[in-house]
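Notes to accompany the following structure.
Going by the order they are written in, the chains are A, B, C and D; count residues from 1 in each one.
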Amino acid sequence: MDKNRVEAFSDGFFAIIITVMVLEMKAPHGTDLRALFPVFPVFLSYILSFMYIAIYWNNHHHLFKAVSHINGAVLWANSILLFWLSLIPFLSAWMGENHFSQVPVVLYGIDLLFAAVSYSFLVKALLAFHGKNSILAKAIGSDSKGNISIVLYILALFLSFVHPLIACLLYVGVGFLWLVPDQRIEKAIK
Amino acid sequence: MDKNRVEAFSDGFFAIIITVMVLEMKAPHGTDLRALFPVFPVFLSYILSFMYIAIYWNNHHHLFKAVSHINGAVLWANSILLFWLSLIPFLSAWMGENHFSQVPVVLYGIDLLFAAVSYSFLVKALLAFHGKNSILAKAIGSDSKGNISIVLYILALFLSFVHPLIACLLYVGVGFLWLVPDQRIEKAIK
Amino acid sequence: MDKNRVEAFSDGFFAIIITVMVLEMKAPHGTDLRALFPVFPVFLSYILSFMYIAIYWNNHHHLFKAVSHINGAVLWANSILLFWLSLIPFLSAWMGENHFSQVPVVLYGIDLLFAAVSYSFLVKALLAFHGKNSILAKAIGSDSKGNISIVLYILALFLSFVHPLIACLLYVGVGFLWLVPDQRIEKAIK
Amino acid sequence: MDKNRVEAFSDGFFAIIITVMVLEMKAPHGTDLRALFPVFPVFLSYILSFMYIAIYWNNHHHLFKAVSHINGAVLWANSILLFWLSLIPFLSAWMGENHFSQVPVVLYGIDLLFAAVSYSFLVKALLAFHGKNSILAKAIGSDSKGNISIVLYILALFLSFVHPLIACLLYVGVGFLWLVPDQRIEKAIK
């Protein structure tokens, strides 16, 4: 099975999720800057979510670069990843509209955690199919960045009981960790 | 006529339908977990519909893999399939918001039935064009899985008069039947 | 300039327009069939618009099949066609919600007329670029179907002053005229 | 790294942004022409934004035509450009609904300015990667059109304090400046 249509479907999905989120920001009724105040937390939440979707897209892009073929397991691991990512617009809007209060922040973090675990399943499904000596296996290595992210998400969930903003800062932190696309893969391909 | 643009258009369509559905889940106003309670049935309905769209996409992907060319009849059979699938977000939201009561459940089932029949027309249009000795014809065989699904949908419609949840369970059951992509095609291509 | 990205952009556009329209059908609040009554005219309007977008996509698909290169004029003719088509979801919802009363029906028809004229400009821009002896020129011929459609739309606009439903029937009629994709192009390519 | 998936993702993004904007125009409740009056400024705003997205898409299309490879910096410059463009539907709706009053017009202009600056960063990231003697470098030249646009946006922001409509006219003016796709690139490729 070749990988082109999975890439096309996923690219379409990422492009839509990132765009559809902006629909959650309703145009306010007033005409002065103060009318924008209630939209501001939703906007912050939008920036965070935009960054996450862009990161997932970039890394997905890099991951499939090293992939030559796929199978049914990869197809489903990919669908499950997209499922968790598809909830981000909903949770992002809820979190923003409620000024980053605890419950929405926790659920947003759980969603990020599930997405990260799904991504690591997707990587495992690809590795199982390509074998230990493939370019992909060399490129991924120990996947320590993936594991650190999962640990940080769990930490964020616990610390959100101290203050939700600590969790939010950790989400931003994990984001920055991934801003640089996965250079292992670029190197291994060369 | 080559198949690339039909695949591209369909991939775009599937990616959008699956994403647009999440817009039907409105962010609730409260900030505690109880505020999520009214969203919960819509979320269940979303999971079911997400699974169905993902299944149709995966099988569509597999089906066109074995296809070499298309004609006008295939183009229209495909459009009709997409029409029935395009109603899923609307019916899914209605079914969820009304806690899976009978009328929405029946209409959701009728839509699934029409989509399944359209899919089997699409398969027939492709077979008529490719001939009985094509890879596709060998891959599809008797299409018993497609026929079983249609029977189960009709059964679900009748049993929804006993209790709508029986119909819902049957919808989930048919979904699981298709979770494994069509391996006949993968084998036949090899 | 090659045509691939214009096709990709247009495919994406058609896939989205056709999907976004379903968002105009809001899930009703009641749980019985009567709750669907107010949605019914919007649904009829949705079917008509779905058919039109599918027709434009199919014909656009066929048209670009015979095209080898594009230029800036084609790019802009295509953008203007997409602009008029992009108004269909809005006008379709307005027409449906107002039970096909006269003003929305007239505006819907004007939009169809402008889209048809833009399509014929797109054809002309392609012909001007490809020359009179190209496959495309042979395939298009006198474009009588395009001209008949424009005449029928103008007729529909006048007859809508007798009764809006006459105009609606004419819109459906023009649709059926185009349901068969442009076979001139298929023949000329062979 | 090859450029195909960035093009696909960006094409998807442009197609969605341009389509999603039409959702900001809600179907009015009345059935006569006067019912359309409140939608009219939103429609004007929609035309302006549609023109801008179409321009960015056309120029993005031309820019990547001259590009052979990309790197991480290009990927992120592209994502930042898409971020600013993704705010256009929100700001466009706000500006239209408030009849082009000053604050929305200024924020719309700031967004256009940031998008223009991001585009010029994207060009710089591509140039840094391709070198001074590449086709791209010859094609871009001094990028005077990009610089003029940035100056005109800043001018518009100042003149909006005299009257917001002057700013709007300048936005339209910059748009017309770009309506003709970047012919430098077409020439340099030849």
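The rule is short, and it goes like this: contacts are C-beta pairs under 8 Å (C-beta built on N, C-alpha and C of every residue); 3 or more make two chains touch, one makes a residue touch a chain.
Since this is a predicted model, take the numbers as computed values, not measurements.
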item: Label of the chain whose CA centroid is most distant from the centroid of subunit B; value: D
item: Rotation in the CA alignment of subunit C with subunit D, degrees, nearest 5; value: 90
item: Homomeric contact subunit B-subunit C: same or different residue positions, threshold half; value: different
item: Distance from subunit B to subunit A - Cα centre to Cα centre, in angstrom; value: 26
item: Subunit B and subunit D, separation of their C-alpha mean positions in angstrom; value: 37
item: Where subunit A touches two or more other chains at once, by residue number; value: 8, 12, 15-16, 20, 23
item: Of all residues in subunit C, those that touch subunit B in their complex; value: 7-8, 11-12, 14-16, 18-20, 22-23, 25, 27-29, 31-33, 35-36, 47, 50, 54, 57-58, 61, 65, 179-181, 183, 186
item: Residues on subunit B engaged by subunit C in the complex (per definition of touch); value: 1, 5-6, 8-9, 12-13, 15-17, 20, 23-24, 72, 75-76, 79, 82-83, 86-87, 89-90, 93-94, 97-98, 101-104, 107
